[in-house]
Amino acid sequence: MISDHKEFAKEVDARAANLFKATPDTMRAFRGLMESAGKDGALDAKTKELMALAIGIAVHCEGCINYHTREALKKGANREEIAETASVAIEMGGGPAAVYGAQALDAFDQLSG
Amino acid sequence: MISDHKEFAKEVDARAANLFKATPDTMRAFRGLMESAGKDGALDAKTKELMALAIGIAVHCEGCINYHTREALKKGANREEIAETASVAIEMGGGPAAVYGAQALDAFDQLSG
Amino acid sequence: MISDHKEFAKEVDARAANLFKATPDTMRAFRGLMESAGKDGALDAKTKELMALAIGIAVHCEGCINYHTREALKKGANREEIAETASVAIEMGGGPAAVYGAQALDAFDQLSG
Amino acid sequence: MISDHKEFAKEVDARAANLFKATPDTMRAFRGLMESAGKDGALDAKTKELMALAIGIAVHCEGCINYHTREALKKGANREEIAETASVAIEMGGGPAAVYGAQALDAFDQLSG
Amino acid sequence: MISDHKEFAKEVDARAANLFKATPDTMRAFRGLMESAGKDGALDAKTKELMALAIGIAVHCEGCINYHTREALKKGANREEIAETASVAIEMGGGPAAVYGAQALDAFDQLSG
Amino acid sequence: MISDHKEFAKEVDARAANLFKATPDTMRAFRGLMESAGKDGALDAKTKELMALAIGIAVHCEGCINYHTREALKKGANREEIAETASVAIEMGGGPAAVYGAQALDAFDQLSG
């Protein structure tokens, strides 16, 4: 469980940058995929970021919860939206999603502070 | 892979009804969880349904894809929104999400027809 | 979704037998693991079979649901126990576990008939 | 990997309490689901707690392993039963379940000490 | 469980093509990711295809098992290599991987016939 | 996220050893499975270790990433091979695999240093 989400954000980004250097073509393609999937369309970018967060909670990925909470914050998501995203994840993931959804709320509280 | 989503919907519902009869307290509590997590709030009910669909794609649950595509349809989701939901799932789930995301689009096409 | 669990049982077993012939050392070791993990001990064999079924539901494995429902039946599990196993899986897995838990109950009804 | 399971238990509970405040209806419904799924029935409450632990191991959820080991302890589970629960998870989850099953045993040793 | 892998291959491809039409930018980016990740490098393309198959087995994705078995065949993989790929998946995924690994072998036998 | 992979390796091994003592028959059978699945055959042992690592990344198991990076190192895997293994995992697992793939590269850098 992550205690300092601002510090964790730096580690997540630093390691992603190392992987980018080690396998630039694949990571560039993946970045293209993220940009394409996440851009405003029939659904707006903030909604898509929350959707990515919901999946991050459902598949128990702490780094993803940190990253997509940050991105959702940048796109204007508020605390209620994070909590409701966690709620949908709990509907679809039960107890484990409650554990990781609580972590998303904690990430929001720390990163927005 | 599901070939007839209208027929599959009947099977999914019939089996859920059997489970409801066999374990009514738990299923009633779970239904309460679904209703609470899915209702209009900071995020609207259609968005939450698409979010549940995104998770269903990411965790490879055909019955969930069928059910949440139906519910998203009832709440007014259109084909572009289903396709963009699949896109976010692919960002978060790679190849397997492409397979199950394609199934969500197929479900939409059959169920909306 | 499986419509005929007796037929499905034959397919699951036939394919496992083919894999056994193709990679006998690994499959023999895996069978040893199954036997050791599943035998009577501090927990009895029926309870362990239901526990394996709970995991099969939680990880969305139809072949596992079929196989471990069969084994639980052989070890004397009844319909209430299958339904309660599904209930625990729903607590730990939400909507997808409801879908696959309903399949476990259906498997029991067909295989015990 | 968790080094202090008593400290971790406090964090898991504190974060769950925060999520409860942020989304009380959903969390109340989820608590109702836990209570209903976990109560004595055809299977006793201790067995159900161990079953929930087995799923927590199989889906790699450290917070769940901590929580359900605690609850299993309260309901009288002993060390052999935790080890056999891990064994069934390994049968159904291979190497990753060995890693998280070892964590369940460590949680038991720390929390029962 | 898939009974006809040649027919299933057509369905998988047809649905992917529909998704491609519905969300071309994301699918083009994903195709770029596949091509980059799968090309000859420090590891050869056949090995990478078998690695993708191993993951498809471990995450219980029938469409992925069909697709990556086909691609592995095109790149020269033989039956022993498919069986050993299934073996590694069983080491890392236990019983469910045995079920889906057996499906990979069946896919190979049908698609190479 | 693991900051010291050499220290983490000791913890992973110590806990596995404890589990071995608590449930020796199952762990001995599991070790037999690992040895059988991992030995030189149609695919060489290094390739199989990288395949196990790919699965460990795809299923988000930090202990597995640590262990199989160590074993891959012993069998002669180099940094490019680890990075390409991560790439295949990203193709098959999207964003979460990028997070855990970056951890595999970090593990390699620390453990080979």
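General observations
The letters A, B, C, D, E and F name the chains in turn, as written, and every chain counts its residues from 1.
Going forward, a contact is a pair of C-beta atoms (placed from the backbone, for glycine too) under 8 Å apart; a residue touches a chain by one contact, two chains touch by 3 or more.
Predicted model, so just to flag it, every value in this text is computed and none were measured.
Where the sister copies chain E and chain F meet, the same residue numbers recur on both sides for over half of the interface positions. For the pairs D-F and C-D, the count of C-beta pairs in contact is higher at C-D. Just one of D-E, B-E or E-F has an interface built like that of A-D, with over half of its contact pairs in common by residue number: B-E.
Here the spacing of chain A and chain C, counted between their Cα centres, is 34 Å. The mean-CA centres of chain B and chain D are about 28 angstrom from one another, to the nearest whole unit.
Chain A and chain B have CA centres that are 21 Å apart.
In chain B, 26, 30, 33-34, 36-37, 52, 56, 59-60, 64, 80, 83-84, 87, 90-96 are the positions where the chain touches two or more neighbouring chains simultaneously. Remark: chain E residues 90-97 touch chain D in the complex.
Residues of chain B that touch chain C in their complex: 2, 8, 11-12, 15-16, 18-19, 22-23, 26-27, 30, 33-34, 52, 56, 59-64, 67. Note for the complex: chain C touches chain F at residues 25-26, 28-30, 32-33, 35-37. Residue ranges of chain B in contact with chain A, taken from their complex: 33-34, 36-38, 41-43, 47-48, 50-52, 54-56, 58-59, 64, 78, 80-81, 83-85, 87-93. Contacts from chain A toward chain D in the complex involve residues 1, 3, 60, 79-80, 83-84, 86-87, 90-91, 94-96, 98-103, 105-106, 109.
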